[in-house]
Every structure is written in C-alpha cells, then in structure tokens.
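In the two complexes below, chain A is the common chain; its partner is chain B in one and chain C in the other.
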Partner chain A sequence: MAASPEVENLTPEASRARSREVATRVLLAGSALLVLAVPFLGASPFFITLLTEALIFGIWAMSLDLLVGYTGLVSFGHAASFGFATYAAGIFAMNISADFFLSTIVAILAAAAVAFLTGLVVTRLSGIAFAILTLCICQVLFQISVVWRSFTGGLDGLIGVPLPTLFGREVEPGEELYLLTAATLIVCYLLLRRVVESPFGKTLLAIRANEDRAAAIGIDVRRHKLVILVISWMTGGVAGTLFVFLKAGANPMSLYWIESGNILAITILGGIGTLFGPIIGAIGFIFIRDQVTTMYRAWQFSFGLAFVLAVLFMPSGIAGIAERIWRRLWPARS
Partner chain B sequence: MFVNSLNGIIYGSFLALTSLGLSLVFGLGRVVNFAHGVLYALGGYFFIIFLPSLGWGAMVFAPLVVVPLAIAMEWLTIAPIRNRDEIYTLLVTFGLSFMITGAIEYLWGTETTLIKPPVIFQGTVDILGNQFPVYRLFASALSLVVTGLVFVFIQYTPVGLKIRAITDDSEMAEALGINTRWLLTSIFGGAAGFAAFAGALGAPIFSVEPEMGMGIIIDSFLAVILGGLGHLPGTAVGAFIVALAKSIGGGYIAEWAIAVLFLVVAAIMVLRPRGVFGRGRIA
Partner chain C sequence: MASAFLIEGLHKSFGALHAVNDVSLDIEAGQVHSLIGPNGAGKTTLFNCITGFLQPDAGKVFLKGRDVTDLPSHKLVKEGIVRTFQITQVFGELSARENVELAARSREGLNFDFFRRASACREAREDAEESLEVVGLIEKAHLRPEELGHGDKRVLEVAIGLALNPEVLLLDEPTAGMSRTETERIARLVREIADRTSVLLVEHDTEVVLSISDKITVMTQGRVIAQGPPEQISRDPQVQDAYLGAVEVGED
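Presenting the complex of A and B:
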C-alpha cells in the first residue's frame, strides 16, 4: 500500500486506514527484529541452521511471487534461477574468491544474463504455454548440470565450497551465517516492496489483470515481463548464493523440475501477491517437512492435499487469511 | 545402435499411449493434466497387487480400478475450476500428483518391483544377431494396437465425432447440443484407463516404483507439445521422436540428447506453437 499523502484533515475512514498502515509497519518491523534476535534467544544450533534454510527459501519464494502474484506468470521452472546461481556462486567461490558480496554479485549477474536470454523468448507467452516453456528451459539447465561433469561435478554436484568471507573475515556457520541470511532477507524484502509499489509494479498488476487490455492502453507488455523476470531471477540468485554457502556445495537436484513445483506450491500456499506470505510459506514448509518426515510418512500426501485445497478454496493463501483477520482488527469502517 | 533404436521404439509405443490421453484431455477440456503420470503409476501398482490373485487378468483389472478413481478426481477437483483460468488445472493436478505419489509411498513403500513376464512370453528372439525378449515386442505391439483402436474410435464413431467437434470449438459444439461436461468426464476416465493399462503392461519391462509417473509425465508433455497439443496423430509421432532421442546414443551422449530435446521443444513452443504439423494449439 502506498504511503498516505500528508493531508491534515483526514476523513475517519482514511484515518483508520492510516492507523492500520502504521500498525502494519510496526508489525513488519517487529517481525524483522524478531528474526534478527533469534540467535540471542538461546535457539539451538540445529534450529538456527533450519531457520537459515527457511529464510533462504523465503527469499526464493518472494522472487517467484513477483512473477506469479504480481505479473500473473506461473513459472514452472523457477528452480532455474536458484539452481543456476548455486553453481555460479559455488564455482566462483571455489576458484576465485569466497567474498560474500563478490560471489553474490557474480551470481546475480549470471542469473540476470540467463534470465534476459530466456526472457527474450518466454515473454512472448503467458498462461500454460509460459509454465511449460519455463519447465523445459529449467530441464535444459538441469541436464547440462548433470552432463558437464568437468565443470559442475555431474550428479555429485559441487563439493567443498568454502565458507563466505565478509570484509575479509570468514563468516562462521551457524549464528553468523544466519544473521547474514536474515539481513539479506530484510534488504531483499524492502527492495522488492519498493519495486511492487512503484508505478512499474502497478503496471505489472495491470498486465496480470488482462494482458491484452494492458497492451491496448499502450503498455509494452513484453518489456515489463522481461524486466520483472530479470529482477525475479536476480533475487532467486541471491537465495541460491546463500544456499550454496549454507550447504557448502551445489547439487543438480536444485535444478530439477520437482523443486520448481515445490517452490511454486510454497509461494501459493503462503499467499501470492503479498511478498510476505511466501516467506511464511517457506518457513512453514521447511519446518513442517523437517519435523514431520521422520515420524509421519504421509508428509508428501499431506503437502499435496494442502496445496490442492489451497488452490481450490483459498487462492490467496495463508497471507490472505491473515490479512482478513488483520483488517478485522483494524477495520476501515466501524 | 540397433538395440537402442528398438528399445526406443518400444518405449515410444508406451509413451504414445500415455501422451494420447494427455493430448485428448487437453484438446477436449483445455485441462493440463499433470496427474496423468501418476495414473500410469497407479496402473502399475494395482497390477502387481492383483497379480497374485487374478494372474494376468490383472492387466485388464488394474485400469478398471483406476478409471473410477480418475473420474472421482475429475469430479472433485477439476470440474469445480472449469470457469477459472486454465493454469489452475495445471496447479491442481500437480498437487494431485504429489498426493498420489505420496500415497503410493505410504501404502506400498518406496521399493522398485520388477515382475517376470508371463511364461509364454519369457523367451528371447533373435533379431539381426541380437537376443531380444519376446515380451517387449509383444507389449509394444499390443500398445500400438490399443493406440490404433483409440484413433479408430476418435475418427470413425459418433462419439469420436463429438469429441473432435468439441476439440475444434467447444462453444459451438455445446450450442449444437453436445454434452461437453459429461464427455469430458468420461474421456478423462478413459484416458486414465489407457495410462493405467500402459503402466500395467510396462511393469515387466520398466519395473514399478513410486516415481515412475513423474518420469513419464515430462516425456509425455514433450511428445504432446512436439506433435501439437490436442492433435492426436502428431502426438503419437511426437512420442516416438522423444523415445528415440532418449534411447539412441546411450550414456552421456543421450543425456546431451535430452538437453537438446528440451531445447527443441522450447523452440517449437515459440516458433511453431501449433506443433510440428501445425495442427494442434497451445495458447
């Protein structure tokens, strides 16, 4: 929601909307602080590592939300953005420099380059055709990562990626890597918030609503799709970089189409078009999967069921439900 | 090389059977059925479950169990979203395929089961100096016959005529009094039956494991797009192209072949969205 204009005599409705806006900001700032404070609350190392992975998936899911939620492009190959970056960052870190900023920039640029090239083609399409085409492109990258052994390590992937360094100092695994991830998540969230609230972001919503009409009022639909695709892949690339440092390696399975399906399900379950929802979805997914797979064998079945029910009955996801409750707490009309 | 091509043709005849159903359901109802692969897997599983009690009659019985399951699936999850964007069918059926794969692993474990072919087909034949299992040839021939029967059904029966009418222009067909809703449900069931039959028939060749459906669905999609979505003869040809590309070369060359195949399919989607024969449609 755009910041309210500075008008002194607000109507009661506008004033209530404004107080909700303020409350939303307080809530977001509070959750950001909470996320940063986790290591100091006596969480176990295992919990910290798991939460690191969850936040990385959160960044990745946010990047997919830009396409699915804000532009109406359902990508079934979004593993490509993440997986490709794990290789780019991993190979760079192993051979040249493990500096976090340099590796991230390399991964972002590599992801942007591939996104631009594929975007020249995929932006011609939308709907089902877009979904299947992105799946095909992702499979091409997967096959290459499996086959080109000398460069990617084949099915074993990259092994022994060093720890990242930050300003010349090595980042310890565990709490330090967690803080780095959490800070990156917050920066990404704030930047993407700016993107979706900008006139450019509003134009994307127009494309989502109706591509033909958007084109008819003079919007260059393909260019907008291309730009958001590149931004989305760059964000996915940030997630991939963090992931390769967390796992100290890259694996071709990060590029497999099932992974694309997982992240799509996470994003939709979390709530598309909210940026915040996909993060919730990712945290929920990583934790429930971890807690559940050991003692509950029907996890995959339940995940599929939850996804089907979400698509059928609550297309706005967890965030949609949360927002409805939130609006009831801060009603626009009393 | 020769053996690889022959294996490719055998896989292609199975792939033709599964892709045909995928293409038919898409052409008819604009439903992208991601769950088609797990119906194939269910066919394989019901087959090995019924095998001890029913013998080789299980091959007919397995599809008969899958058909009502598929119809229930269509009723509960796909029919309610018919008025929404087509992409939702892809999302829902993707979730369904997750559910069913999970259910298979939960109920029957993650092991791979390989069945011995029936006794009369257990030998091998000599083809140009290569020993080749008889069952492979028999199964491949049988699935080709079934594929042929589907074509005859679509091309020469009154119901087939209605199906073609709906594929051409569903609104017009409805205006002429064709019950699209009912036909879509039954074709969905029928397509599931053929997929399940392929799964059962292929059990002694490709073995039965929980992920088998996830593998074949991607190949089927490739075949369907190559041939043109909704265009059946093209779909069958596409199936053989995919199968041969995968089997010829062997080892790492084949892996490159698959990468190239995906690239070719991506190019076709953009440059010839109506398939190689220009008779299907994608968007």
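Presenting the complex of A and C:
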C-alpha cells in the first residue's frame, strides 16, 4: 500500500479510522490465509467437501449482494445466474474441454449474455416488479432445463461431468478442488471489493438511495443497472462452474425458485452491502443445513424461522453485528 | 445578451388538466429568472418537463440554440441543465462531501470507472471542495445530511448542483420551510452563483423573488400571465389579483 502524503496532517479521528482500516485488512488477510490453510489443519474429507460447497455458495451470495446490497435491486431469481452456468460449464466440460479456465470463461460469457438480454427488460424496473420478473425468468430457464432433455438431460440433469483440469493436470476432488475454490473466492472478493469502492460502485449507492436523484446528477440509471446485473451474473457463473465440478453434474433444481429464495436469505442473513457478510451467511447455511437435515426433515422451517427472526432483530445481518463489535474494538473516538 | 436557455410553447396535460399550457421562457446567461405562482400553477410540472422527468406533450427546449427536448434527464445534466428538488433528496448515508463528490465524479465522466478507488479521484475531490466553499458548507463537509440543519441541507443541494457545472441551474423552492435568516442566506447565495450559471428559480417568498430576480414569470393554472423585470411585475394589476393579493410589494 502506498502511504498517502497527507498522513502527517490527519486529525486524530481520521487516524483512528485509518488504523481501523489497517486492522480490517489484517483481519481479512488472516481470514484468507486461514481459509487456504484448512486442508493442512487435519480437517476431514467430509468437512473439506462441505466447506467447498459453502465457499461456492459464498461466491454466489456475493454476486447477489451486488444487486441487493449495493444497487437496491432485490432479485428473486438469482438461481438463474448459478444454474444456467452449471449447464453451460457442464455441457462444455463434457463435450469439449474440462479445462477449468476455459469452462469458467464459457460459463461467464454465457451468463453475461443471458444477463444482458434479460437486463434490457428488467433494468427498466425496480422494487417488486423487478423481483417478480427475475423470478419469472428463472422459472422459464428451469422449465427449459426440464423439457429440453436431449441437451440438458431433463429432470436427471447432466451426469458424469469430468473433473476439471488446471494447466493440463487433473484437479483431484477433495483438497485440491477445495484449494481451487478458496483461491477463486479470494480473487472474486478482491475484484468485487475493487468494483464497489470504485466511482462506479459509489454511483450504485446513489441509485439504491434514489433513482431519480441519481439521474439528476447525470447518472445513467438503466445502464448502471445493466452493467451491475451482468457483473453479478458473471460472478454467479463462476460459482456455478465450481459447483458443476464439485457435484460432477448439474441438476434442474439449481434453477428452482427455492434456490433463489435460499441464496437471497443467505445474503440478507449474512449482511447485505458488505460482500463479506454473504460469505459468512453461506458458510453458516451450508453447515447448519447439513447438521439439521440429519436430525429432522422440517429443516426448511427452522431456517425460515431463523430468517424471520434475523430480519426482525438484526436487519444488518451477521456482518452488521460483527462490524459493531469491530468498531468497539477500534473505536472512532477515544 | 444571448439567451442561454429557451423554452417554447411547452404543453403538458394529465387527462383533462392542462398542468402546463403554452409556456415560453427565455433565460439569459448569468441571470436569475424566477417562476412564481400559487400552488398548482404548474411550476414543478414545468420543471419536470424541462429536466426530462416528464415528457412534454408539445413544445421545445433549447440550450444555447440546441434542441434538447427529448433527451433523458441524465443526458440533460451532461448538457448543463441541472435541477434541485423541492423535497430535499440528498443521499442520506454519504457525508456532505461525498454527496458533492458523487456529482463531481459524474460530471467528469467517471461513472463507469471500475478500477480506481472513488476516494482517489483527486480532481473530483477538489471540485467538490470548491462547491462546498462557494455555498459556505466546507466546515461541515464531514457531516452526514441527518446531522445538518434544514437550511444546510438545502444549501447542500445547491452545492451538488454547482459541482455539475451547470449552464442553467433550476432551483425548486430552495427556501421552503426556512427561517427568515436562512432564507436571506439562500437569497444571497442564489445571487452569488448567478456569476457561474443562469438560474431558474421557483420560489414562494415574493420578497426574495422581487429582490434577487432579473426577470420574473408569473404562472397561474398552467399559463403564463405576466413576464418581466421585478418592478414591472410588482405593479402589474393582473398579477396582484391573481397572486400577490394584498401583500405589500412596494420596493423600499
């Protein structure tokens, strides 16, 4: 980090804010190292596989946070970005090449194309209308995946997607796939952090606050919504690619509306507008689902209840509470 | 003087209601042009039509001779037609400085810059500071809108407008709900900024309007009933009837 020349004449308040920022970076770097170190800490293969899925959901939840948290667009069809990419990457890997980078690029481009085309319509909307239309688009894709058997395998989905290769070498399931996922998550996080802190990201906040006001300072609201929708889908596409390699297959249920609901709940529970929170939300969701489904079948009920309670009592999510604690540790005022 | 901003025969109806009926305005560069009239006279509708928030049914808007009638609001801002809102609508979770910086970055065409940190856009920061300086908010730049008084919030709106470097700045009731002192502060400010931009002002406070305007247009029920310099307007019997009523408008 380049030290800013104005360091000397900072007010005490600003310098405390700066030290908190440094501490936050240290914390983030520490978390990243911890995530990468998990396979070397003697974790069980089962745990590793579960955590792989959680991190994939984390990437996906971050992609939704761009819409919900940063732009104020509540998508109720975000399974589409993920599910569509599982098919794009899966079909590509089965028929052409299982190279991880190539498959990811194909899935990203396919997701971007769908996001762009549907975005031409949905970016005219906001609020409930946006939520409903995104839901409809997702259901249309779900129906296509079920009906177009010769291409998608119908209700059975894609079966027998090969393991991905990286620089010509096959990625082993388990620890290697985990490390690939963790590295991808970290790259996605850093890139998206960059986006939300850029001038573009700040204009999104203006759109979220008030679209008319944003237009009145010269912001092209529709174009911004379209661009962030495409970026969001591309990120969701990365998650879908990893998922299809993890499961060695794709399934229409990835496109079902319940998945859209799950990822929305994960994102909100984790804490919208933070990027980090949704990752925590995803890890929590995957592990709690694993624990609770073995205990009783109505686990969706307990998840729903937890969601309602969370929205009532911690509207800023897990990340909001974590941030409050963090601010107490590094107070802005002494 | 050259006319900076010209509105010709603007019409807008909602069903049977002619909200704006054949309104023409001619705003000269560097002038304060005020628009007055009772509630429901169509002033805000006219604003919305000029700034692309509503589509006029007929009529043309010209900025420095260029037809800009059909441009969407964000493009009009780029052309130099900038508005504030009647109800304060600054971005609540950003500080005053960030609010203005957002506008400055927008003017500099950085809305689609993905790769820089927003806080590293030096030029925008300097422009924002200059705007805040002009309106006298620089000391309070770090505060969030909710921490600012009502008057300061309205002034912040003006600072945002200035940061967009307008050719013509449309102010929608900047003194609404203000105390006497605050109103005078805004009035002085409007007069000052006319050095940088033409101003179209919607205002209820007749005293303010008469003291700071170069030209006044009076509207009732969507129509222009009088247009001219303040001394002429204050003597116009039709205006007295329709709007000024019994208010003392004599100049001191």
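Here is the rule we go by: the second predicted complex is superposed on the first by the 325 of 334 C-alpha atoms of A that agree within 3 Å, B and C clash if a C-alpha of one lies under 4 Å from a C-alpha of the other, contacts with A are read in each partner's own complex, and residues count from 1 in each chain.
We adopt the following convention: contacts are C-beta pairs under 8 Å (C-beta built on N, C-alpha and C of every residue); 3 or more make two chains touch, one makes a residue touch a chain.
Keep in mind that what you see is a predicted model, and the values were worked out from it rather than measured.
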item: Which superposed partner A:168 touches (first chain B, second chain C, both, neither); value: neither
item: Touched partner set for A:140, first chain B, second chain C, both or neither; value: first
item: Chain B versus chain C as contact partner of A:212, first or second or both or neither; value: second
item: First, second, both or neither for A:202, with chain B first and chain C second; value: second
item: First, second, both or neither for A:42, with chain B first and chain C second; value: neither
item: Which partner reaches more residues of chain A (counting touched residues only), chain B or chain C; value: B
item: First (chain B), second (chain C), both or neither touched by A:127; value: first
item: Partner chain in contact with A:304 - chain B first, chain C second, else both or neither; value: first
item: Partner chain in contact with A:160 - chain B first, chain C second, else both or neither; value: neither
item: Residues of chain A contacting chain B in one complex and chain C in the other; value: none
item: Chain B residues within the chain A interface of the complex; value: 32, 77, 80-81, 85-88, 90-92, 94-103, 105-106, 214, 218, 221-222, 225, 252, 255-256, 258-259, 262-263, 265-266, 269-270, 273, 282-283
item: Touch list for chain C against partner chain A, complex; value: 51-53, 72-75, 77-78, 82-85, 89-94, 98, 102-103, 105-107, 110-119, 121, 124, 160, 164
item: Chain B-touching residues of chain A, taken from the complex the two chains share; value: 74, 76, 121, 124-129, 131-133, 135-137, 139-140, 143-144, 146-147, 257-258, 261, 264-265, 268, 297-305, 307-308, 311-312
item: Partner chain C, residues of chain A touching it in the complex; value: 194-195, 197-203, 205-206, 209-210, 212-213, 215-221, 224, 227
